[in-house]
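The two complexes that follow have subunit A in common; it is paired with subunit B in the first and with subunit C in the second.
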Partner chain A sequence: MPAALFVLALILPFIVREFWVHVLNEILILGLFALSFNMIFGYMGQLSFGHAAYYGVGAYTTGLLMVKANWPLFVTLPISMVTAGICALILGYFCVRLRGIYFAILTMAFGQLVFYIIFQWYSFTGGDNGLQGINPPAWLFKTNPYYFFTLVVVTIGAIILWFISESPFGYTMRTIRDNTERTEFIGINVQRYMLINFVIAGMFAGLAGAIWGPFNRSVAPDLCSWQHSGGPVFMAILGGPHYFLGPMLGSVIYTLLNAFVTGYTEYWPLVSGTVIIIVVLLLPGGVLGVYKEKFGHLKSKESTTLEHGGS
Partner chain B sequence: MANDNILQVEHLSKAFHKYQVLTDVNYNLPKGEIAAIIGPNGAGKTTFFNLVTGYHAVSGGTVTFMDKNITNWSRHKIARTGITRAFQVSNIYPKLTTYENVRQSVLAQQKKTLNFFTPARKLARNETLELLDITGLSEFRDTEAGILSQGDKKKLELALALASKPSLLLLDEPTAGMSSEETHNTMELVKRLNKEIGLTILFTEHDISVIFGYARKLSVLHQGVLVAEGTPEEVRNNKEAQQCYLGEEI
Partner chain C sequence: MEFSFIFSQFLSGLTYGMILFLVASGLSLIFGVMNILNFAHATLWLIGAYFCYSFWYLMQGYNFALWVSIPLAGFACAAVGWVTEIVLIKHIYKRELHEQLLITYALALIFADLIKIVWGPTDRLIARPPAIQKPVFIFGAPFDSYFIFVILAGFAVALGLWWFLKYTRYGHIVKAAVFSREMVGALGIPIPKIYTWVFTLGIFIAGFAGGVQAPIGSVNFGMDIAIIIQAFCVVVIGGFGSLLGTLVGAIIVGEVFSFAILYWPAGAMVLIFVITAAILIIRPWGLFGTPMRT
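On to the complex of A and B.
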């Protein structure tokens, strides 16, 4: 199934108009962002409401290095992962001491902190003007080449995250989600594991942010705002947080809907709000959750575990 | 003190706010023993376990395990040192299959949980299957643990605890919710583990036949105080013990 999706993603740019290639690009970048978020939400069972901070740090790292130091994109990508990871390590150190709503509030508070630092620091970040002129190298300058570049980066990122999610570490995240207390009694230092996962999630959010800047040719502090942190939350819930590709599907629906709706009206939040209400009330477990429940048992045994998410 | 005690508890006390739950408990557990702590509900048995395994902070006194002072260590550190417990109310991973439940405990014991890139399903296979086999859970290996029967959840509890390869196993009412046949099988397994690998076992139980059938050492807790201790025979004949707990049953 993922292979078929990949082939579809390869073919689509040759079929659809350029505008929709931009939309596809957005779907992929935000999809990677949502997949990284879901390492904390779907797998570890905690809601981070400040995940855009790490996305923003990644975006600004690449933006600043490319604009101010003229560093090549390929060098800035891994550096963005490192800076976002360090940021997640420092802030996550405090967040993993908390659970549930307190975890959500603290991640959100830290996210806003990062937002205000970037927003206020005119001399370095350009403040609310953002950074302009983040141009990808010439051979990636056109729409299609950059789209394929995004496709490759996002695919590699998703594969790495998938491997992690299926590894003993990934299953340890599920045990922390299912029963944190018991996990301590089988000898796991829960806080340390949560922190490691928080850093992994931050790094891949940073990677997603890093490819956003050159795609959009600019970055703005909005990328770090709490509203932007809401995106992956919505995508994961929409697509299905208990399936590996659920957040990616959420990104497809969310981003396509956004592209359609904003073509007709300014009232996008009205539409997205309505969709949230419908999903929460009628589609518990997201689109994939409901799909598997309705059609899953036609195939072999399907469980509500994450087992089949990526296969 | 003699080093043949795997667990030594001295002057152990616990108070929740002003409510004294355990008072000055002194307890020694020799290595290789099967011992039981008995007492009426609310006597402090589970609290005793909670203090030994780091679930609650100790208010006073010390806990020494294999000559190490482990008082107020964190839970995971105590588990790694060799004390594991099976809980009274089953405390499992309801969304994972029975097999995945046990596998995670095995992987934790093997220190493989920081492996990021090998699929978990390829690891710890034999150990997991063996544990499912000896605890009688093989037929439920692909069942989601949350929908197991109460008795099977208790077996899974035991399997999770055994997977840690402990030196001291604490079982909090291991047979609650089990049929008499399951109770027999479970306790026979415990006995066999004690005999074959020298696992030290401390359990609490209400079932008199289990207590007198399997424990070689009994300690009676009453309102947070250790009131009697000895072989099952000694305790059976102890006046104080009879008054607070055994009463008319003997």
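On to the complex of A and C.
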């Protein structure tokens, strides 16, 4: 199934108009962002409402290095992962001490902290003007080449995340989600494992942010704001947080809807808000969750729940 | 630095703190009783400010227009809150944390767009009645006379809520529901009805706060986005569900902001988030809260 999707993603740009290639590109980047968020939410069972901070740090790292130091994109991508990871390590160190609503609020407070630092630090980040002129190298400059570049990076990122989620480490995460106390009793250092996972999630959010900057040719502090943190939360829940590719499916639906709706009306928040309410009330478990319940023939390996996920 | 200057800065901080208290007290009440963290709270506060503007506009020319519009804004918002609770919030009390957060987040998006549809994107300005046009002088330093009203209104609501919770039957029920909703239900008190009215009361205070905010400057689209996060900070610092904590938290945030902006304008907001994060790490239930039942 994922292989078929990959082939479809390879063929689509030759069929659809340029506008939709742009949309596809956005789907992939936000999809990787949502996948990284789901490492914390779907696998570890904690709700981060400040995940956009790491996305923003990644975007700004690449943006600043490319605009101010003229570094090539291929060098700035791994550096962005490192800076976002360091940021996640420092902030996550405190977050993993909390659970539930407190975890959500602390991640949000830290997210806003990062947002205000970027927003206020005019001399370095350009403040609310953002950074303009983040141009990808010449051979990636056109829409299609950059799309394929994104496709390769996002696919590699997703495969790495998939292997992490299916590794013993990934199963430890599920154990922590399902019963934190027992996990502690069997001698696992829960906080350390949660922190490692938090850093991994931050790094891949940073990677997604890093490819966003050159795609959009600019970055703005809004990328880190709490409104932007709501995006991956909704994508994960829309697609199905208990399936590895659920958040990516959520990104497909959400971003396509955005592209359609903004063509007709400026009231996108009104539409998206209504969709969020309908999905949360009527589709518990997301699209994949409901699909599985109705038809029940999704391969059990794709599920992240312990009962179905055994190999 | 002169004393008069410091004092007027203190009063400005207190004014800001009172606005935050008015927003955060409803937020804290709703969270304390129903465990719902209402992302849309500040958006309803902003709707209150717009309501106040509209009522004032209809009664323009009368000196009392503003003073009548402020409580009317509260009632109009309470109506919106009541309908929201009946139609939507009622159905999510038993849902999981992330679903509740997403629903109120979605409500914030929807209400913000409704503001755009009803009032348009232009800034709205209320012309102040003569009584509050001139500044007052406190120890020789000029001070916006309306701010005095804001501070008094804040303390009045704090006192009113305290009296309500301490001395009325319904206040006792609300306090008991914070402690154990099962027990309150077992005593034959209709919990769903209580929830509806607590939510409505919280939104009433938010709307009233919006009305109080309206004459301070212009009312404009997007004001809610910064306020909601600061109101969260207030509630976190003071402790969820604690009225005194919310008051103290609001004054702390208002004063920190007011003085930090003198010395390090860029860092004022950052400082508030650092304080909030520190409280969450050291004492997640806040200065005056009690560790939460889970």
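Note that in this section the second predicted complex is superposed on the first by the 297 of 311 C-alpha atoms of A that agree within 3 Å, B and C clash if a C-alpha of one lies under 4 Å from a C-alpha of the other, contacts with A are read in each partner's own complex, and residues count from 1 in each chain.
The rule is simple: a contact is a pair of C-beta atoms (placed from the backbone, for glycine too) under 8 Å apart; a residue touches a chain by one contact, two chains touch by 3 or more.
Computed from a predicted structure; not experimentally measured.
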Subunit B versus subunit C as contact partner of A:E181, first or second or both or neither = first
Identify the partner contact of A:K68: answer first if only subunit B is touched, second if only subunit C is, both if each is, neither if none is.
-> neither
Applying the touch criterion given at the start, work out whether A:S272 contacts subunit B, subunit C, both or neither, answering first, second, both or neither.
-> second
Touched partner set for A:R97, first subunit B, second subunit C, both or neither = second
Using the touch criterion from the header, give the chain among subunit B and subunit C with more contacted residues in subunit A.
-> C
Touch check for A:K142: first (subunit B), second (subunit C), both, or neither?
-> neither
Interface residues of subunit A shared by subunit B and subunit C, listed none
Flag every residue of subunit B that touches subunit A in the complex, lowest number first.
-> 53, 74-77, 79-80, 84-85, 87, 91-97, 100, 103-105, 107-109, 112-121, 123, 142, 144, 160, 163-164
In the complex, subunit A residues that touch subunit B | 163-164, 166-172, 174-175, 177-179, 181-182, 184-190, 193, 196, 301, 303-305
Taking the complex as given, what residues does subunit A use to touch subunit C?
-> 41, 47, 49, 94, 97-98, 100-102, 104-106, 108-110, 112-113, 116-117, 120-122, 225-227, 230, 233-234, 237, 267, 269-270, 272-274, 276-277, 280-281, 284
Within their complex, subunit C touches subunit A through residues 37, 88, 91-92, 95, 97-99, 101-103, 105-110, 112-114, 116-117, 225, 229, 232-233, 236, 266-267, 269-270, 273-274, 276-277, 280-281, 284, 292, 294
